[in-house]
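The chains carry the letters A, B and C, assigned in the order they are written, with residues numbered from 1 in each.
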Amino acid sequence: MTQPTPPWPMNQWYVAAYSSDIEAELFGRTICGEPLVFYRTVEGEVVALADRCVHRRFPLSKSQLVDDQVICGYHGFTYDRTGTCVAAPGQKRIPRSARVPSWPVAEQDSLVWVWIGDPERADTDRLPRAPWLDHADYTTVRGMESLAAGYELLVDNLLDLSHETYLHGGHIGTPEVAETPITTEVDEDAHIVYVSRHMDDAACPPFYARSTGIEGRITRWQDIEYHPPCLYLLHSRIAPVGTPDPVEGRPDDQAFRVEVVYAITPETERSTHDFWMVARDFALEDTEVSRFLAESNRTVVLQDVEALDVLQVVVESEKENYQELSINIDTGGLAARRMLKRQREAGALVEA
Amino acid sequence: MTQPTPPWPMNQWYVAAYSSDIEAELFGRTICGEPLVFYRTVEGEVVALADRCVHRRFPLSKSQLVDDQVICGYHGFTYDRTGTCVAAPGQKRIPRSARVPSWPVAEQDSLVWVWIGDPERADTDRLPRAPWLDHADYTTVRGMESLAAGYELLVDNLLDLSHETYLHGGHIGTPEVAETPITTEVDEDAHIVYVSRHMDDAACPPFYARSTGIEGRITRWQDIEYHPPCLYLLHSRIAPVGTPDPVEGRPDDQAFRVEVVYAITPETERSTHDFWMVARDFALEDTEVSRFLAESNRTVVLQDVEALDVLQVVVESEKENYQELSINIDTGGLAARRMLKRQREAGALVEA
Amino acid sequence: MTQPTPPWPMNQWYVAAYSSDIEAELFGRTICGEPLVFYRTVEGEVVALADRCVHRRFPLSKSQLVDDQVICGYHGFTYDRTGTCVAAPGQKRIPRSARVPSWPVAEQDSLVWVWIGDPERADTDRLPRAPWLDHADYTTVRGMESLAAGYELLVDNLLDLSHETYLHGGHIGTPEVAETPITTEVDEDAHIVYVSRHMDDAACPPFYARSTGIEGRITRWQDIEYHPPCLYLLHSRIAPVGTPDPVEGRPDDQAFRVEVVYAITPETERSTHDFWMVARDFALEDTEVSRFLAESNRTVVLQDVEALDVLQVVVESEKENYQELSINIDTGGLAARRMLKRQREAGALVEA
């Protein structure tokens, strides 16, 4: 038995917020078309409920949180952390059907994940990891931007970094990025797309020059690891030209590691929560480096947002059946699209 | 013979404006999807015409009024108060079909009513009354707010005042409103829904404490009388706790009466003219009380507007066949909905 | 064989810009629904390409122009003036299909024209002329306004100048314009609609009084010559009352000639590029007259824009099958509509 293919993969974990975003206050956010309200209980657990009162659909996020219970701001229907209604106005009896759905939530690596799909199938073992975000050997700067474009345009963007040369020149782009061929690998079982670009002798863009202090040309490795649908990891290794390649078990002292992480969370079919994080293994206490990397990366993300917002409008205005032309640099992006398509199609299956 | 059910009751009177709004100037307002232009003739009669020139559809409200005639601002087609074209540019002969529809209008109780439907059936005997709006024993403050929501959401809102406790706390809401059960009565013949809530011992909200000067707890009666589709009356009686109930024929000296009136006039399917009036039988000359009640009630109305505007967006974004849950407090609102539904369905009948 | 009728005539020349607008910079403009990018090569030739990169549809107008080549701002695909891709990122081989369409362009009378339709049929002999725009005996002021209305509303507007009396009173309108009958002539072979209004004894509106210095009443001729779809010429002759009619071969010394030109270029189905030009044969060096005519005409155009923007919303909100009423003044406009309709229908024919 099938139903229409959903616009995003179902039965998946999506990043809903940073852990520090969710406190003892109501926090509304739409994830994959579902309006949700989040809060943290007194005991520290994160709760995700449907953001609609069962009575007249008023958003619970515009309501009040008292003693871990949500009191609807319109007529006072009151819900506990499981979504069960525990009080209704003007009467003692609570109708049995008075409950709002609750969603499985998990916290890991400083991220709040929510499971979109059948709650029975929520499995925290399948949560993809980004351990450096929450590790003492790294310092992380981060942010979130609202993208007025579908999530697949952002996936395309991040899977093909040759755009750094043109869209992000002066920040992270240099001529070598677009010039250097990539290698792509797809692990169908683990559901991961790998795209690698190793530049042996490249100009050092300001983003790395100013943060690492390297002068002169560099060896620059970009190793992408995309876990569809939501988590994107860019393992970036920067070292002065001539630094030997790292050897298992030996320290790679001259190299600097930057772990760039994106969480790509659909809000609606044409808007996306664009979470970005930059974790580094150097200058851990240097607030000036933190400030610079946060500002630079935000600038770069906003350049993408501007371009992709334009592209969304363009794509929507195209005649049907317009053609794209794909070349070698798109290998990773096309592999990601195929994997996302299969994930979406799996969501159309309803188990008997 | 039937036609599609219209989105609002047809062959009904709707409040179009306050009498003082209509002067010897063109005044455009859309009522039940009909763009209308209003003006007052030199003799004081209110005229309502279609707000579209027959020639090229230019809005007559953006035109000029000269000697009780409307001169179209685009090419000068000129209409008298009946909507008949009396002059056309570049020629002496006026085409016979050159006329714009005119609408039956009535003025009563300081309100301008317009009949939406078959003009032949307009019957001023059916005009619902709110005589205190224009009576020497009362002083009235009033306003009108634009609601970006369908009229039925406002009807729901006003028929169930338990929301005062949650949405209007600090103004007119206290815990007793939501706690006290209601009684509902429906007069099918007279087309009236009655909802009553009598609180014998309630906190006095600032709205009444500051205007009446009562200190301490009160007896508070809310007697709603809704005349679908447009007129809503809330007879409010406030008295110090222990004041005897009023007896027919005897003065009710210790009580204060406030007549709250709403006119609920659809503009489009998703916008509504929300007229509000507050008439009181005390402190008639006290401008400070007038100022306070006007400001308080406007604040309360804007809280409703904000909530209902949100709700309109929510309801439009819901999947089809979403469920509402109704409880005792909704009895009046559900009765009103049924009566409105029958009124709309009657509008789909075309007499043979 | 036919396809759906396009919303505007195909296989026609449309004004895309003033010649001076197009320099050695990328200039994006949508013409008849086609997003185009224009630039001028080093040799001075104007180029028009599709404003969409073949790779991922990024607008080329948001890209970079280097040595007459367009380098896409997203991933660096590079196109020459014919639209052929000459460089792609990360590889030497250029896919054969990597080309963006180019459009025929012509420059004449200070205007840049683009051919919308089958490039094979582009024929510069069919370019309509407005030679005074670029002639030493005339001085021209001009501008372009964006109209949020379909092009046919502007055609209606310009073909019936009786609206000058009502919409443009105090600038170019006087009572005589609306009062004086018109004569209309249609040349089906040449595809021209002529509308003439000769006022023998008329008030002189400020537009002409202040620019010509005439005091007192005037003979005022308005001779319209509309070349559908795009070019509209208004030959305006102004002379003191009593000036003899011009005679072929004799100087018409007491008269002033103003050539008002509009280019009506659809942008989308509900927006139009409204180019306006005013060429005069007097006070050629007088910058004060130039300033005054530019400011006055812009004011008049903006009055039209405001009215037509309103009208577009009105027309879109009308129930289907609403009726217009046309009278004598509409003869020219109706003839123009018929000609445009035939031109559009011709665009639905695909040659076998």
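Here is the rule we use: a contact is a pair of C-beta atoms (placed from the backbone, for glycine too) under 8 Å apart; a residue touches a chain by one contact, two chains touch by 3 or more.
Chain identities (UniProt): A, B, C = Aromatic ring-hydroxylating dioxygenase subunit alpha.
These figures come from a predicted structure and were not determined experimentally.
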Subunit A onto subunit B, same sequence, C-alpha superposition: rotation to the nearest 5 degrees is 120
For subunit B versus subunit C, which are copies of one sequence, does the interface use mostly the same residue numbers on each side, meaning over half shared, or is it different? different
When centres are defined as mean Cα positions, the distance from subunit B to subunit C in whole Å is 48
Among all residues of subunit B, which ones touch two or more of the remaining chains? none
Spell out the part of subunit A that touches subunit B in their complex, as residue ranges. 35, 52, 54-59, 62, 71-76, 88-91, 95, 97-98
Across the complex, what residues on subunit C touch subunit B? 156, 160, 162-163, 165-167, 178-182, 307, 310-311, 314-315, 317-318, 322-329
